[in-house]
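What follows is a set of structures to go through.
Both of the next two complexes hold chain A, though its partner changes from chain B to chain C.
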Partner chain A sequence: MTTASANRISGFHRTWNRFKTYISKPQNAILLMLGILLTITTIFPMYTIVRDTVRIHPGSIDTQGKALESQVDALGTTLTTYNWSNLFTETITTRVGRERVTRSVASIYLWTPLLNSVLISIFACFGAILYGGVFAYLVTRTNLKYKKYLSSIFIFPYIMPQWTLAVMWQNLFNSNAVTGGNDGLFVALFNVYMPRWWCEGIFPVSVVLAIHYAPFAYILIGGIFRNMDANLEEAATILNTPRWKTFFRVTLPLVKPAILSTVLLVFSSAMGSYPIPHYLKLSTLSTQYVGMSTNRAGQASILAVIMMLFGFLILIVNQKTTSGRKNFTTVTGKSGQSSVVNLGPAKYAISILFVLLTLFTGILPIILFAVETFLPNPGDYSFITHGIAGHTTTKWWLTSENVTENGMYGQKGILYNADIWNAFAGTFFVAICCALAAGIIGTLIGYCVSKNRRSKWAAYVNNMAFLPYLMPSLAVGVAFFIFGSGAGIYNTFLLLILAGTVKYIPFASRSALNSMMQLSGEIEEAAIIQNIPWWKRMTRIIIPIQKTSIISGFLLPFMTCLRELTLFMLLCGQGKIITTMLGYFDEMGLYAFSSGINLILIILILLFNTLVNKLTGASIDSGIGGDS
Partner chain B sequence: MARIELNHVTKRWGGFYAVDDLDLLIEDNAFVTLLGPSGCGKTTTLRMIAGLETPTTGRITIDDTVVFDSDAGINVPANKRRVGFLFQNYALWPNMTVYQNIAFGLSNIKEAGLSVSKEGEIVRNPSAGGAERKLTKEEIDRIVARVSAIVKIQPFMDRYPGELSGGQQQRVAIARTLAPGPRVLFMDEPLSNLDAKLRLEMRSELQRLHLSTGSTFVYVTHDQMEAMTLATRICLISNGVLQQYDEPLTVYNRPNNTFVADFVGNPAINFINAKGAQQADGSFSLKLLDQYDATFVPGEEVRVDDWFAKANAEIAAFAAKERPTEKTNKDEPFKYPVARVSDEGVRDETPGREDWVLGVRPEFVRISEDGPVEGEIFSAMPTGMETTVRIRVGNYLLTGVVFGGVLYKIGQKVRLSFEGAGTTLFSRENGRLIACGTLKIK
Partner chain C sequence: MKKFLSLILALTLCLTMFSFASAESVEDVIAEAQKMTLEELFKKAIEESNGKRFDAVGNSSRGKSVLPLFVEELQKIDPSYKLDYEGGWQQPKENKIFDQLTEDINGANHVMSMTLIQDGNQIQSKMLDTGLLLNFVPKEWSEAEGVAKEGNENPLALQTLNKVFMFNNLGEKTYKNMWDFVREGEAPLFMGVNSEPVGKNFLYMMTNDKYATIAKEAYEAWDGKNAEDDELIESMKEDAADLGLTGDNVQYGLAWVYLWCEKYNEETDDGPICNTLVTTSAKDQAGLLVYSKLRSVEETAESSVNNVTVAAYQDGYVGIGGYAYKHYLMLTKTSPLPWTSCALIAYMTTTQEGFKAWGKDMGGYAPVPACMQDHSKDGYVDGVDTYPAKNDRGYDWWLNEGKLVVEEPAYCASVSGTMSDWIDGIVASK
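What follows is the complex of A and B.
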């Protein structure tokens, strides 16, 4: 402390004093550090993708040969416009039947996949909002039966790995006659051959994506329905407004923000999804990127840049919509949930319908995966169709030595297969590290931003942390792939953890920010006044009070990491983690192995979810639904 | 224990001046209330003194220590200012028991020359030397026992805040604030969340507390009654600008301007527009209530021309003050309310030098048989102890207070007069007080 007499002070000293004061607040110091760190981890990999589009790649020199080399010699540069110009000008001639068809490279590699990506994203948004939104309304606003059961099972598709439903779709509907490969369950049981458009392409991809992301819509929209003051609707009812009018003029506008954030989330997630279009054979930006990345590396990066641009676009839309005056997200009220719509006799019909639907999306995949692992050959359902119990096998689980016969290709059974368990260990390691890093950083960001609400720098850090959320997973994966290859850390856990952390910080920062915003600043100020140090304020006051949402800030990255494929598949070899291992077995045709791994993964994730839910009360569907 | 001085303290967000060039001296052991309508900047002022908010410019001194000086870049953080703060919503830590809430801050104290008396009072004597030390468990127990006895919460020590009533939570918050022995106690509307009866009780307890602790109290409230009854001095703020800083009765009897006159006092003061001029003998001959001629005799000597010259100079000086940005929350003269039966046909006119406004406190409106003003009872609200009546005079309404349970019939004809030397005369042009004096209706 300085005495009153020392108030004449030099300009530098004053600035220095101010800086000291600023930095002496922990939230400012942390924000400064995290801001710099996040700028590097978020912006730098993106920059490397953009740079990659103008770099010369070994592959392109091979195909273009001398022309490019001479160009390099002449200009003395390592940068080229070749990747761009070639993508838009080259044509490829193929034989289709007897005719020779000439198509431009851009249409095969860019325009068609882009169109498909946009289409499935739009369809997925519509589907997810319709399915999830209707379900949210039914659970929170009506006297639907079995709410508790439905509410928890509805989010299964989101908890489970993305490809689960895609694989199940194949297992159900594929047939040797239409799609080639093994016969699915429909053919085996009912002898029904589904048409090709039903089995592959835009339709199944959109449906599966919609079901997978419907829980988003349910959680976001349901959250608003649940917190919405029933008085708002009652006020309209008192004024003798017809019920449909109340719904469209009062209820719907209030959930508009939730619908919008669902749209943004689903759109960017669907755009970057790799496994679903991969399994269901649709050419999208992400599958095309993977397909062309070896011999057209620079051009593949152009696809990644386009995906990234969509991410930025979504971020801008998000900014515009959440900062407006019509942001009603805080509409909560004191009045208890009283206006429950009576569904009448339809109650049971609707409830049963949803029970069946959720059985189909939540339970059936698990059963199918389990059944799959006991079939002697993929698609051989003879034990059901012919009722022969002997036509099942436990060899996929129990084989304990290297055998090449029995279609095992020298692999040991799942329970004895060291490669599989190593990959599981790898996955757990990555998931734990990502969860810890993302959870801690996210919580700190949430805390610091809530303390500096007016500060522009805080808003910047928040956006930086949020950006990867809206970036398609594959684009983030590509960015870290190029970044990691350049930095020499390709195929290391470090790179996986880095990518996972950056991608999942938003999960933690969102939930931390939301909960910190609700915590009155005075709770901490009461401790500041008493000279309680910062770490003690955090560990003794703030974290204990907000432990539920902070734990979910750790839980979400962990769960997502366990089942992440799109983000990680470019960053490591196939044996590193379990999800990439799955791809390996699929390529090998060892579907029983991949089904077994899927089964273990799903059960583990569900177990963890239940465990954490029981222990801490934190859960993904946090308190929506089911009190009846 | 502590003396607080504010010099030219300003807090602004962009062009919004929450606190505008505030000078304030809070004497040691004073009980000062910061009073004003919501959003006037009183809480901001309090938080700036406590260090929870950073002023834009200015200087704040507590005792002999400069805790904030924008010119020197000094800003002592809140935790180093050794002050106590009582929050409006109590801010009790919900995850700790009552005992832990009080003891938590104590377990952090680490000073040299620290001792605790047998009664549980912290004695600080840094000059005694010795190594820095923390309080022992037993010492903390003693302190907690003392402060919890002051506010009578001993039976609840193991409960969590969620299990206490509002009044009990309030007491815990006070105990927690008192425990480390702060030299100043800041309170931000501490009673506003309590019900009316409890509020009255806590008010008197706070007064006792001020006496027994001997600390300096700074208290924010928008309730003028609280300010009047508790404070040794009231600091009235409006739109970030200090309106008056005086003892409660001075604020009540000699309000600096129409805003202060209107804000303090319940029922509110009567404003009566008047037209007229000052006479050679110093008195004002006025025409008021559309029909009555009256004389206002100032209690002190005042020459209107000199007075205007002085007031205008002050107003000009205020307007000419250098500001980095234009003040968006403009300082406009207070629009005092004139109660009328109907506002139809009332025009907003620009007041000139001939226009005055008289402030008559309800207790100076006297109903008597021989009163010169004729009116009829518009409404009557007896409380038992006194009766508040509104009397209609032409189109105007005057509020009066009659002691005792007198029953009036609505519509009943009455006569009234203005008594005492406490009528205030303001300029309509700038709302400022010209003089207190006697009003006689001819």
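What follows is the complex of A and C.
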């Protein structure tokens, strides 16, 4: 054997031994496995979207590019750059205001939807932070009245499927004179006609998104306010600093990380929202994607790629802000003595204002849902407008057959409708599986990353786990649709669970990581010295100590899955899960069914949340808030 | 050992050759099935699928309600017959049916046996031109008395559905001509052309010379026409040339399409359009929607079927009364159960029981008259004509008097490449 080959072998042995030593620690072995798994489940679907932009789709406009510039890849798929070149360089002659005009393809299919998507995302962030942040401050730092009631009712819009508020907005404000169609409740009851910009477009979409995501801001910012060390503010007070100056110079900088977190999460969520712009008639990247998939399937995938790029951008911003947060380690909350600001006589006025606001966003939808299920025709409030009590019905609940035409469009009543209950069962199955998978993987990531804080691989795994959450839901849905269709698992629970798990791992990983960071290494070291195996250390020491945060990491994916539509709508048929069925009923205008399903869904989520809260102390508002 | 291995290999080879020789392609099955009676097809289906799993995909959820009836029919021949179809009738959202079928047929694992599908344009360009779906015409269908073969045979249509112009009649406006729906100040309710592509197909069909000529005749008879509209129609010749459209009167069809796209008020579905039009507060509103939606309106002080008028039912109405699209039945070229699919298709298209799920509503017409139910007196209550709008005048009336624009897959596919963008440009600029 030569010296060189001996060196080579010993070099290999050294590396192998180093690897064996590395892998012998459970946290490293798990991290390696999860890193590989997450790379596949996150990157591969994204790759399929990108690949779809250069594929030729029969019956789509890209077939025109075939003869000109087609190529065949290693898999035998015909490729083309036509989708990109056509979208960004070509023009179309069409009509605007009776005049013949030439417009670029991108101006019709891309720029306006992109601008609208960015605008509603910005406005939604601003609105959610303003509404949720102010509310968080009032609840945690002032002597506001009815805190407990307001705090629980404030998260209702987040529990409800997001488009239900959009449908309610339509039912309240639309009018024959302005939007066409029949008059909504505002006109019927008060004879008030709202302008078109109020009823359709950017304004209502932004408002509804802001209301839906304000609980995010409340939970994140509220978490900081609740744990903030009062000494900093007290020091400012002792130095005779005016209250407003203390707020802007001391309090606000402390909540900056939470505000940034809210911005990142709300921005990506708002950008990927499909149903709200769809109902409130705004062209966004999401609605355009669905509209283009008939004739411009490849270009629709380009839109999804653009949404993905926003996800990457947000990840980069998140990285920057996360490193910045090291400056705020005092926020982890040892003091627990937060000072309470006395609102004086204004406390009643402000409390009533928030009671009214939450009445509008939390209680009114539920009342309207309940009422809707007793109307003879969808949106027919003649029992109020004409004072005829007989114009109500229980048919939407109690009709047990669908042979006779009962004015129910061939459907059985909710209580007898097997399709609805099967869809509920499907939703619960998906939600439980996603919660378990995301919860377990997320907890393991949290644990392993906390044990390898300086490792680049750990940082990579952590980012890879967080990336899908920053991707707009529709983009993730598109990626899994293309991936799932190719793998022959379209319309299966497997695909839904896979997509849901990948998307919601961050709930658990963030929650677990933050809680694990608080754990002193000595606790586990003591057990290691005693030769306690890893699984026993986890189940007997680590998990019991951080039980609440870990359960929150399971609870949030579960709750979110229950009311998720955008992520799942491309992955299954309409009867598979309850949200796709709910969306179907809403689109069909069968509001009694959708309202009844919504009611059941909200009650179930609240019951479940209460149950878990009673059993474990965890609740929906203790998960997301943990990380900031 | 060597001998044993050789024997195994030889046996495997023989079995493989035998299985190749005995395997029938779906095309072969169809060719044979087209010569068989319904009963013979039922027997073949029993032979093929007893105890097996059946999956299909459809635009209409009613497909799943016909499966238990079909199984009952087969059980009359063989009481032990069982078919596992629970959850097997899928209805994808957001026009994903074509992607689902494509992936199923081109993928390694073929699940879907057949489909009930709409949208002639995509069927032609994505399914027929590519050979992914195969047509089957039952013998009994071909030989049925009075069968309307034209436009229904290839691909085979289960039914023709109509979407018709209606308006709320409590206001002042009148709609006696198809151009009244696109005059200044109108905002007729209509499903978005990209959320329901059959609506876009209707607009493509308006450029077909047959319907463009109807548009021309209606325009000439229209008392609302003016110089500006004349100018618009004239200028449309240029657009027609750009779009590669031919025909003497295509500019009239194109002008009507332009005005319609510029004015229509988009709704998510025909259900909300119907719920709106029948209310007392929807005065002077009009819409283009599925006729059968009227069946589900419950009479109250606020809503009534009598608050709407079906435009084409008025005496002296001029022009098209709406449009028609079809539900087609076809087999996938990789159908795991081709005989069963052929039997089911024959059952649905040639018997009243098989068509019952669709035939119970007005506005849906089977090509075989024997499958149809009479809906000409659906508006009668206790022998009195109470809701005239619900009295369906039937397929022939709608085609000839109501002048429905009927979807033609080949025509739609031939013009969609250019017209789709032209329409999208108008809609995006609203």
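The rule is simple: the second predicted complex is superposed on the first by the 554 of 628 C-alpha atoms of A that agree within 3 Å, B and C clash if a C-alpha of one lies under 4 Å from a C-alpha of the other, contacts with A are read in each partner's own complex, and residues count from 1 in each chain.
Note that contacts are C-beta pairs under 8 Å (C-beta built on N, C-alpha and C of every residue); 3 or more make two chains touch, one makes a residue touch a chain.
All values derive from a computational prediction rather than experimental measurement.
In the superposed pair of complexes, A:S520 makes contact with chain B only, with no contact to chain C. Within the superposed three-chain model, A:W16 lies in touch with chain B and out of touch with chain C [touch as defined at top]. In the superposition on chain A, contact of A:I529 is made with chain B only, not with chain C. Contacts of A:I545 after superposition: chain B is touched, whereas chain C is not reached.
Looking at the shared chain after the overlay, A:G201 reaches neither chain B nor chain C.
Contact with neither chain B nor chain C is seen for A:P26 once the two complexes are overlaid on the shared chain. Residue contacts after overlaying the shared chain place A:V290 against chain C, while chain B stays out of touching range.
Contacts of A:R100 after superposition: chain C is touched, whereas chain B is not reached. Measured by the number of chain A residues touched, the leading partner among chain B and chain C is C. Those residues of chain C that touch chain A in the complex are listed here as 61-62, 87, 90-96, 98-100, 102-104, 107-109, 111, 121-122, 124-126, 129-130, 187, 189, 192, 194-195, 197, 228, 232, 235, 238-239, 242, 258, 262, 265-269, 271-276, 278-279, 281-283, 285, 295-298, 300-303, 360, 413, 416-417, 420-422, 424-426, 428-429. Here chain A touches chain C in the complex through residues 58-59, 61, 64, 92-98, 100, 103, 105, 108-109, 112, 176, 179-183, 187-188, 278-279, 281, 283, 290-295, 297, 376-382, 385-386, 388, 391, 393, 405, 407-410, 422, 481, 485-488, 490-491, 569-570, 572-575, 580, 583-584, 586-590, going by the rule given at the top.
Contact residues on chain B toward chain A in their complex (touch as defined above): 13, 50, 52, 59, 61, 64-67, 69, 71-80, 82-85, 87-89, 91-96, 104-105, 108-109, 176, 180. Interface of chain A with chain B (complex): residues 1-4, 6-9, 13-18, 21, 24-25, 454, 520, 522-523, 525-533, 536, 540-541, 544-545.
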